[in-house]
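Before I ask anything, here is the structure I am working with.
Lettered A, B, C and D in written order, each chain numbered from 1.
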């Protein structure tokens, strides 16, 4: 599996930045085989750790890597958005993503992943971490005991992706009203604004017979 | 305030009626003048703005009158859970206290509504009546912001009564009377080392008292840096938050009317009031009004200048300032004044 | 408590007094007006004769606030013996300014120089429905489109593309007409 | 103030909830007063926008504070998935609407990284100038606003007055006063109009003079000091673990500025500038740091104008922007703090996922910790000194 992702990432083929290398070395020392995969993202190391080591990874980052600063905790839904509805075919204004599920740097075991970025204010480096979250029962360990600032990020992630955080003091809605149903950042959650209104970009010129008319695509529908 | 009613011998009933009308007319007018000059124009220019320019044609002089008319037209809104009667009376209590202060301020040798022997005492006593109205307003509004504002106001007004009084005591000791008219005369007829060219305005000896008086009156008027009871950025408008329409107008009139009264008091106590040293008799009655007005505007300018420049203190800092700084200074001032009075 | 040192307080009073005497910066709007910068994105003007109903602007609009309808017509050939021309004729070109984000993407993507920015800003309406400007209204804004302004020293000379065309925006001759 | 309640002592070992109850119990035993829940906002002058702050009070002292956000949530992370890269710059503009230009930069930079495009030097310099102008515009409002929140009405208007110069410049260059949408992947939409540099130099002088005014009327003012010193102290380690960034963290003594310490971006590696820090970490320190940074930015703009290189402003990019598959994390030092975009592309015309890391979100998330034990007036001063933009919290 790791081999696959080396190709997906594309950049692991490049020589590792010395800073990245040191960081990764230390991380491996501490976490051992809890690190599933690693990659480099324009000078930032990116590692994928096992779900059960998620909090441990934060502790290691904070102590061994001196990453005292929490930038963000968020999620990704790797499933491609279904393109549905009558207008979906004609609406070329929204970008067309590949229809098969592919994963990004450092790979993924399934649909949901957590992403977090921590940084060091003294050493000026940072590291991005990912962990896989089960699709049927999305749960992960909370980072709040390590980084108190994770509280809001995890609340947001919880309501947006439906990922539960064990050990979080109060998983309440952050942005959405408390009676809101659904998880808006999941790919299968439709963007209503794009559903209720017909796309005004549909060609409304009565074509002459045998004329492509104003239908000329600007290249977007190729994908 | 015309000299008319003194020239014509009318019954006491008519005199009383005339005096009432004069007071009732002067207070809103005073509020208008201060509001326009300082709130609309001076503040605007300090903030690089012009302020209202259109209403009335000339530099927006009609703006506040128009606002007043607008307030009168507005619906009388009361919060659902308000204590309706208290809520309704509160602005009146505040505004009445303002009216009462005006009664004793002299504008000429004969031009005074009522020359009380305890004039200073009376003026300061009735001016603090307003705190009752403020508390009533805050409590009756059934609003937490209003309640907080009212409590702050109460604490603050009580704390600042004392320095205010102490500031005046020096003047009273020096003049030997509590009658405001007497204090003015004492300044008019006084002499600096035998030279009576400008009389003897008490500011020359009681400058500390004047400073205290200004600081304390700033607090009494709930003006920045002591405007916590209405603190816009914290309590939105404090005890006034639920008031609209003509009831709010009452508060507005009371605020600027009282500012006018305090400026007039300061001018009377420290700057010689209506007095011009070499003018006596009817001429002083005619000149008194503009002279006092000029002096009080000077005082008001300083008060509002401070108001538009400084940030606001915190409630505890305000209390500390009153009890730890102003009152000791005031006491010391009284003692020193007493010693001088006895010695010379 | 850090109180008692007067200088800071006095200095503040000095600054406000100075400002008071300096004069105001207010512009009394309806009586006097400031000219917005020539580049200001005030309102979008439509040069109808340049529009070929290609729909590019409507498609690229992130807000979906441009509505275009058109039909095709046959026109007689320009020259004697020439081909009969198929021309797209604009029936409807509406921009809903209640939705518009003023991003300028439509103006930028228009390949035929039919859309221009005008710095005009006085078109507020009491009713939100009136913010939908139709093609006549949009055409009227063409009067207010400024000339292309010169660039700062060190800038590359604007290429012969769109920049120049904008300078001639007001000329009456359609550059590429409505031909397809 | 009881010792357990002193803001300033880092305490991670205690669960936040437990401590809250402890503080509560202590207060109530001490004074035997009931507490009151006060709802600051969503419509309240101190929350400049629609932040709601539910505070539990004992008298005027805060026992617990719970910020409620989301009244302005616009779902930008979702919207980006339905838009193409050029369209997204219009959106990200509106995150922190006071420094819109600075918001565009990291996003466009992320796309450029993924595409392997680099903007020409002139474009980078102009971007830097406009970013610094946005910084000035943002801070200037703060410098006045902070006065307003502690009760001084006048400086707020000065803030607006002088910010006008900067907004006029931004409008003259980009066409948009608030939402420039001036960045293009690979460069800029347009070059600067003639005379802009001279105009900017004049405006920067006005800004520097204005800073002196703020210094006289607020920083040197004893009342202002009394109101802001020693309140809302953020210790550096607590601040960092909450993700507090930018001037707020620098005011706590952390010498960390992404313009200098992050991945090199724009023209920052090529020019000299000072990074200001303060050791106190209180509201006063935050004001002071921002005042110094405003000055530094103005000087920086002058320096940048002197060295503005000539040349093209657009790199060669395809007409239809398609970003190759990959991931990028770009962070920049925005006026409010660290702003970052984590962009996942799958080779389409639009991103697959964009995580927007906005500064105010984290800056405000420290409030429950920070406000405990403060007085209501201090709450307002602390809120003002943290300086947040609602759009930057709610996105």
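Everything that follows uses one rule, which is that contacts are C-beta pairs under 8 Å (C-beta built on N, C-alpha and C of every residue); 3 or more make two chains touch, one makes a residue touch a chain.
Fair warning: this is a prediction, and the values are worked out from it, not measured in the lab.
*Asks:* So which chain is farthest from chain A, going by the mean of the CA atoms in each chain?
*Replies:* That would be chain B.
*Asks:* Max contacts between which two chains?
*Replies:* The chain pair sharing the largest number of C-beta contacts is A-D.
*Asks:* Compute the distance, rounded to whole Å, between the mean C-alpha positions of chain A and chain D.
*Replies:* 24
*Asks:* Quick one: chain B and chain D, Cα centre-to-centre, how many Å?
*Replies:* Inter-chain centre distance comes to 44 Å.
*Asks:* Determine the centre-to-centre distance between chain A and chain C, using the mean Cα coordinates as centres, and give it in whole Å.
*Replies:* 38
*Asks:* So, what's the distance in Å between the C-alpha centres of chain B and chain A?
*Replies:* 65
*Asks:* Which residues of chain A are in contact with two or more other chains?
*Replies:* 93, 218
*Asks:* Where in chain C do residues touch two or more other chains at once?
*Replies:* 1, 3-4, 9, 12, 15-16, 19, 25, 60
*Asks:* I need the residues of chain B touching at least two other chains; which ones are they?
*Replies:* Those would be 46-49, 308-310, 317.
*Asks:* Using the contact rule from the top, write out all pairs of chains that touch.
*Replies:* Contacting pairs: A-C, A-D, B-C, B-D, C-D.
*Asks:* Give the list of chain A residues in touch with chain C in this complex.
*Replies:* Touch list, chain A to chain C: 92-93, 197, 199-201, 203-208, 211, 213-214, 216, 218.
*Asks:* Within the complex, which stretch of chain D touches chain A?
*Replies:* So the residues of chain D touching chain A come out as 12, 15-17, 69-70, 73, 75, 77-79, 81-84, 113, 236-238, 240-245, 249, 254, 256, 261-263, 319-320, 322, 325-331, 338, 340, 342, 344, 346-353, 355, 357, 361-362, 365-366, 369, 394.
*Asks:* For the complex, give me every residue of chain C touching chain D.
*Replies:* For this pair, the touching residues of chain C are 1-5, 7-9, 11-12, 14-16, 19, 25, 36-41, 60, 62, 101-105, 108, 117, 149-156.
*Asks:* Within the complex, which stretch of chain C touches chain A?
*Replies:* Touching chain A: residues 52-56, 58-61, 64-72, 74, 86, 88 of chain C.
*Asks:* Which stretch or stretches of chain D touch chain B in the complex?
*Replies:* It is residues 36, 38-39, 44-46, 60, 147-154, 156-158, 161, 217-218, 221, 223-224, 226-227, 375-380, 384 of chain D that touch chain B.
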